[in-house]
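Note that chain A is present in both complexes that follow, paired respectively with chain B and with chain C.
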Partner chain A sequence: MANTETALKECLSSIDGATAAALVDYTSGMALGTLGGGKDFNLEVAAAGNTDVVRSKLRTMELLGLKEEIEDILITLNSQYHLIRLLKGRGGNGLFLYLVLDSSRANLAMARHQMRRIENELEV
Partner chain B sequence: MAVETDVLDELRRLRTRVPRLAGSLAATVDGLVLAHDVPATEPEGLAALTAAALGVAHRMTDAAGRGDFRELLVRGAHGYIATYAAGTTAVLTLLADDRVNVGRLHLEGRRSGARIAELVDARIGPGGGRHADRPAAGDGAPDPVDRSRPIGTLPVRTPQRPAHRPRTGG
Partner chain C sequence: MTAAAARADGSAPELLDALAADRATGALTTRSGIFYLAAGHVVHVESAHSPALGDLLTRSGALAPAGWWEAVERAGARQRVGRQLVDSGRLTAGALELAHLGALFDAAYFALAHDGTALRFRPGVAHWLGAVRPVTVATVLRESYRRRALLDRIWPDAAVDTAPLARTPDADPAVLPPRRGRALALVDGGRTAAQIASALAHRTFHTLVELRRLAADGLVAPAPPAPAPPVHPVPGAGRADWDEPDTALLRRLLDALEAL
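Here is the complex of A and B:
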């Protein structure tokens, strides 16, 4: 079992191309923990903005009458991938893991696989 | 009057940027309404309460050694009330639903507070308000205006000695 800090460290160290990670509460839009990012990438802004992304998708699914759950959301930019993984179970409800990847160095399939593993080990 | 309309424009813009924002109010630190966009609440009362809360918040940050006042967040069962410093003369109070994105509320509230500070300072000039003796956020040197009056502080009561000492024993 890993706590928030270890899980975020694990994200950056074990996933190739990862440059920033955050654990975000999308009921409030605030981050429970952030790692990486630096001065030119404000993870607080990313947490608030991506909360809107998640809420918007959940609302759309509700309107469409889909009784499904979001496993993850992938956003592809010119040089980055942004991965949002919604946590399930064990108090992880209402939380998502947010990962920024450098697309020239990242392996998407591997990144998703590792995110799933980190989620399973995470205890909030 | 220009400053009020400019501030009101800023409040309207804020409403489009923050979903689930129920209302916003810009007031001077001594509790006078500058501009408001609060449909369901009385703005004068809210401005007065903001000033009162601000006084306590200033004392809290001072007492706890946490520097200048920046913001105040209150949560009720049905939503949030957030107050942000807008320079030394004004404050911004936002009312939001329970399901608001607090992260976004903070980001936009801080940004808006800074913009209102610019608008108000350009018009009135900095250092004119009740907390003028306090340095502005991010501003190093304190403004030596009206230092005699410790403003934003609650009156300190020292209990009076009783005139008659109660008898001890027999």
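Here is the complex of A and C:
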């Protein structure tokens, strides 16, 4: 029964090493909700930019004729992980959850598991 | 809040800014939609060019039509339909917020399109849906401009957004990737982008992106206008679709009745 704000809060509080989270519409690149980030990490910009990542991967898959769906996308930086989880379900089509993790504190397997759970609670 | 109140001549974005600064509550009608404000925030937007929230929720299967109409019946008069849907357990708060925001920004894009002229502000008028998640006027304006820029970058012909669309002779849905093929298959010379989005139960903007891409590839074009029926024009009562402030609502009602 979570709304988007509590879902994002839960991302930051329950996932170890999470520093910022956003819920993004990947057709328009608009962030429907953001939490965390700060002046050295603009989540709106990150949301718009990562939209291009998702879109180009989807297009590549279309061109390759792959029928599968993207579950998540992981980007590994020197000190951070960026995790993009595409939301499934009835109303979630076209949205992704974007999570920034501090790689020294994060447990990737746990983070992916938690994100799946939060997605289900959001029930989009 | 006096200047803009009764009569609202001017550009809709300017008026919205002024109403936001005044923390106004009411409904601002433009040529192609209605903005509902509460305490200077946008709580809902409607446009006949994009599917209504109820259509999105029921056609996507998130909600049974009976459940939607029951909530409208029980809480519509109190302007708490959104709350009623969540409280009765038919919909989670998150699902409602996301569907609502999607519908709001889709409608805002159209309500601000065309010449963006505001026609009338009705102070105190509230929408029957009630507040789901208010957004600032600045966010709505910024997002609408950004969407227009995105679409124009794909294919700079705004007629694709609102005109009935037709396939060009060499367009074949079967050879396209599934998502675009599904959109193209619904282009039949009569449907508009809004009707295609509604049939797909997709948000309108997503459909507009696909349709402008199809237009850019030369597969889809605005249909040539049907031959005008031989009517004798009544002086002063010609094409004044949007001059009547509640035409959008009446059209919705007609669509809903026809869909029953």
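One rule holds for everything that comes next: the second predicted complex is superposed on the first by the 122 of 124 C-alpha atoms of A that agree within 3 Å, B and C clash if a C-alpha of one lies under 4 Å from a C-alpha of the other, contacts with A are read in each partner's own complex, and residues count from 1 in each chain.
Definition applied: a contact is a pair of C-beta atoms (placed from the backbone, for glycine too) under 8 Å apart; a residue touches a chain by one contact, two chains touch by 3 or more.
Note that the structure is predicted; figures quoted are calculated from it, not measured.
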Exercise. Would you mind checking whether chain B and chain C clash or fit side by side on chain A after the superposition?
Key: clash
Exercise. Pick one for A:28: touches chain B only (first), chain C only (second), both, or neither.
Key: both
Quiz item: Should A:52 be classified as contacting the first partner (chain B), the second (chain C), both, or neither?
Solution: first
Quiz item: Taking the superposition as given, does A:95 touch the first partner, chain B, the second, chain C, both, or neither?
Solution: second
Quiz item: Given the touch rule stated above, what does A:3 touch, chain B (first), chain C (second), both, or neither?
Solution: second
Quiz item: Which holds for A:109: it touches chain B only (first), chain C only (second), both, or neither?
Solution: neither
Quiz item: More residues of chain A in touch with chain C or with chain B?
Solution: C
Quiz item: Can you list the residues of chain A that meet both chain B and chain C?
Solution: 27-30
Quiz item: Which of the residues in chain A come into contact with chain C in the complex?
Solution: 1-4, 7, 23, 25, 27-30, 32, 62-63, 67, 90-95, 121-124
Quiz item: In their shared complex, at which residues does chain A touch chain B?
Solution: 24, 27-31, 44-45, 47-49, 51-52, 55
Exercise. Would you pull the chain B residues touching chain A in the complex into a rising list?
Key: 19, 99-107
Exercise. Sort out for me which residues of chain C touch chain A in the complex.
Key: 56-57, 60-62, 86, 92-95, 97-99, 101-102, 105, 133, 143, 146-147, 150, 177-179, 202-203, 205-206, 209
